[in-house]
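The same chain A turns up in both complexes below, where it pairs with chain B and then with chain C.
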Partner chain A sequence: MTDAVKAVAASTAALLALLLLALPLVFLSAPPPGFVESFLFTAAASAAAAGGSLLPGLAVAMAARRGGAWGALGMVLYVPALVPPTSVGVLLLAAFSTPRLLCGDCPLSQFVSAWVVNQPLGVLLAMWVMALPVAYSIYDGALREERAEAFFRSLGFSGLRLLVLTAMSLREATLSAALFAWLRGFGELGVLLVFANYPYAASIYIYNAWLIYGVGPAIGASLAVVAAALAVGYAARRWLSR
Partner chain B sequence: MRRAYLTVVVAVALLALFSLLAMSPSAPPPSSVTTPVPTSAATGQTRPPAQTAACSGSVTGYVAPTLVRVVKDAAREAGLSVEGIQSVGSVEGLRRIQQGSVPDVYASVDIELAADVKGARQIYSLGRFKLALACARPIASVGDLREAKTALADPNKAPIGYRELAVVYMLKRSGVADLTARYEALGIRFADTAGGFNVTVPTVLASTADTKVVPNLDVSWSMFETGQVDCVFAHLPFILGKDMELKPVGASAELWEVYVGNYSRGQFYVYVFKPPYDFFQDPPLAIYANFVDPSGKVVKAVRVGHFEAFVASFTARGDCVVEALKKMDLAKYGFFK
Partner chain C sequence: MALEVEGLEARRGRFRLYVERLVVNSVVAVVGRNGSGKTTLLDAIAGFIEARGRVVACGRDVSRLPPHKRGLAYVQSTPIDPPQRVGSFLRAVARLHGTEGLVDEVASRLGVSHLLDRWRGLSTGQKQLVNLAAALLARPCAFLMDEPTSHLDWVNKRAFNDVVKRLGVPTLYVTHDPLEALYVADMLCVMEEGRLTKCIEKPTDAASAYRAAEEFALKLFKGIL
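Showing the complex of A and B:
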């Protein structure tokens, strides 16, 4: 590593740490009640969403490498990253309102109302949608450097087994995709505000802390979430990469 | 190598110093503020009109969803472009200002917040307004809401939320209809007091199949527009702000006046409440909304009063908007003095 690289790395990390961790400490006060519940819920929902995004993300990345119409598939997965998260929330809300428009208070619309919008399943769905671009982009980058898919195909594997084996062979990429997709769930606010603002994910908890309790508790809540999520993510990464 | 690290350390130290100075609570807002006007009783305060030269370029604003249309119209009237006007909840806008992110203009539907606005050049009351109920299908009486799906703007963040709760319990007390069960299912409690009643609102509210708890009136309206819910409580100016013309329909009832409008899903019905349910005047009862955290501690208590909107200006450009508002006919937006 050259001196220039070290300097850029150190200054970037120092700047972020200063702006997002050190200076806000001036206003720090204790986070409001509900931190543990929102953290555990976010960790679980985001883990499920991240886990559920890996194989679809890999599949689309593999397909997109063929180019042409398959290449367009990758662009679809970028949609949640292209438009503002609030727009993704509005789009999801509109999509899940169509049953009610088409069939009124039918069982499907009742299911959506009772189990999806502003419900845990809605949070999971929103996090999954937002995790897909993360998984896809990491696998897309990893597949450019690897011959894993061709290798497993040459051995006669196809379908789901090919996907799983490729994901396992791309160990670093899979770990990165899982970790970043999981962390993405903690930062997501816009989609959840519109489409699924209950149960409180960490982002909603911080937003509420800011509006209801003020700046200090919001900073306390933010830093508590940062510390806990990074600690869990780091430990998981160390454990999984043994 | 050592020189590179030294450069980084010096740069970071300078940045820290600069940031601390910028974040200092005593730092004035980034505007041409002269002498700050005390705001505790500031409604209607005026200063000399802003210079015309200031009335150009783009105005920035944190404007409550209900007030976006009227404030944008005023800004255009003043010769300003409106791309910088954001629809932001009253409390969220105030929080941003308190943290030093001061726009040219701030507009809120909650007159109680005027006392918390510091450093404004002027604060101008837009007037009072009424509570309304919008429904996708006509309802014969307010009791029909028992069967409807509704959205509740979270009372912790949106003043209309706790006024909805207040009107619901007022309707129960006067024997018109008992709709409290759907709110009690959310964890909200109502209790009579000597001079009125208290509404206890948890800071964490879960939605039910019948009632969707949403962060603000914008999301509430989105739920209504997409058909997730049948009815929503809304400010009358908010509905008018959607560029919709409301036409009176049917005879005026004891509780409300009925109007019909059009939106993306076709016709909808607006029930504009009459006194005392409209909150045009202070309610005849002492109504308190108490917000309690999960440990049961009261975080905030609010005396529920009338609806009144205000605009605060922080810069000469903001003054241009306020001066334009003073010349406009605000009645067509649903505001009355």
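Showing the complex of A and C:
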């Protein structure tokens, strides 16, 4: 590593630490009530969303490698990453409003109102949509390096078993995809604000804390989230480098 | 039991592969320079890219079958990490092909018995032997091997190739190392610009040529040179 690389790396990390950790400490105060519940709910929902994004992300990455029309599948998965999250929220809201438009107060539209929009299932769905491009892009990169799929298929594996074996064989990629998809879901705000703003995910909780209680409590909650994310990232890094 | 290829035509971008006829009864090495189409040939035979023509394995035409039904075990240049403990993985493959009773024998034959409880931390050579063991348990009609020793050191390369020579299963072995081809194969084919330009039986004096090269390599390794 050259001195120039060291200097750029150190100054970048120092600047981020200054802006996101050190300077905000001046305003720090305890987060308002409900933080732990919101944090745990967000962690659980984003973990479920990340877990649920792995096999679909891998399947699309495997299919997209065949090129042609299959390659276009990959582009579809990039949509949530390309457009602003608020747009994704608006699009999801519109999609889930169609049952009411088409069939009025039918069982399907009742189900959507009762269980999806502004409900825990809606939060999970929003996080899953945002996690998919992360899982897809990480597996896409991993499959370029390795030909695990070809090996397992030639051994006679197909279908779901093929996907599971490939995911388990690409364990570094799988862990990275799970971790980054989890972080993506955990930090999501735009989609949730429009499509599923209840129960409060951590991002909405912090936004509300800032609006209602001011900067200090919002910083307290933010730094707690930073600490948790750093701990998870550090643990994953240790595991990967074993 | 043989692998036969007839009129095989495949495209990868602007590159075109055409093989008029190739019969693999023992170990056939395909040598050629980078970009000559060796991997494309294996991919086309294995069914991983679209191809026209006939591929016959175990006496049946498998040309229209998906890769997992062709009975062609494809060993890659970069060994694939076992997805679980080595023993569990080999047993999973064996269950699929009704070869559960052979797991211990195959593991012992390939010298990986001591790895059955391991999952992580395998060396590249060990992983490749585990890949070969899994492929053997799939009871394939033929092996397709794409530079399987390219990540192995010279000693492991030799050990791996000794196993390949004793497999007794038709093997199409791609390499760009002519010396390795001389050692492992009974027939050598040359691939240039997507075509097999010639196939010859291994010359009888090839063994002595290989031994001379091996002695040279041994001296080099031992620091005598």
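One rule holds in what follows: the second predicted complex is superposed on the first by the 225 of 242 C-alpha atoms of A that agree within 3 Å, B and C clash if a C-alpha of one lies under 4 Å from a C-alpha of the other, contacts with A are read in each partner's own complex, and residues count from 1 in each chain.
FYI, contacts are C-beta pairs under 8 Å (C-beta built on N, C-alpha and C of every residue); 3 or more make two chains touch, one makes a residue touch a chain.
Source: prediction; values computed, not measured.
Peer 1: In the superposed arrangement, does A:R237 touch chain B (first), chain C (second), both or neither?
Peer 2: Neither: A:R237 stays clear of chain B and chain C.
Peer 1: Give one of first, second, both or neither to describe whether A:S97 is in contact with chain B, with chain C, with both, or with none.
Peer 2: In the superposition, A:S97 contacts chain B only.
Peer 1: I'd like to know which partner A:D3 touches here: chain B for first, chain C for second, both or neither.
Peer 2: first
Peer 1: Chain A residues in contact: does chain B have more, or chain C?
Peer 2: B
Peer 1: Is A:L193 touching the first partner chain B, the second partner chain C, both, or neither of them?
Peer 2: In the superposition, A:L193 contacts chain B only.
Peer 1: Which residues form the common part of the chain A surface touched by chain B and by chain C?
Peer 2: Common to the two interfaces on chain A: nothing.
Peer 1: State the interface residues of chain A toward chain C in the complex, per the touch definition above.
Peer 2: Answer in residue numbers: 145-148, 150-158, 162, 164-171, 242.
Peer 1: For a test of understanding, state which residues of chain B touch chain A in their complex under the given definition.
Peer 2: 1, 4-5, 7-8, 11-12, 15-16, 19-20, 23, 89, 91-92, 95, 98-99, 149, 156-157, 203-207, 209, 212-215, 219, 222-223, 226-228, 265, 291, 293-295, 299-300
Peer 1: Where on chain A is chain B touching in the complex?
Peer 2: Chain A reaches chain B through residues 3-4, 6-7, 10-11, 14-15, 18-19, 22-23, 26, 32-34, 90, 93-94, 96-97, 100-101, 110, 113-114, 117-119, 193-194, 197-200, 207-208, 210-215.
Peer 1: Within their complex, state which residues of chain C touch chain A.
Peer 2: On the chain C side, the touching residues are 43, 46, 48, 66-70, 72-76, 78, 80-84, 92-93, 96-97, 120, 131, 134-135, 138, 140, 144.
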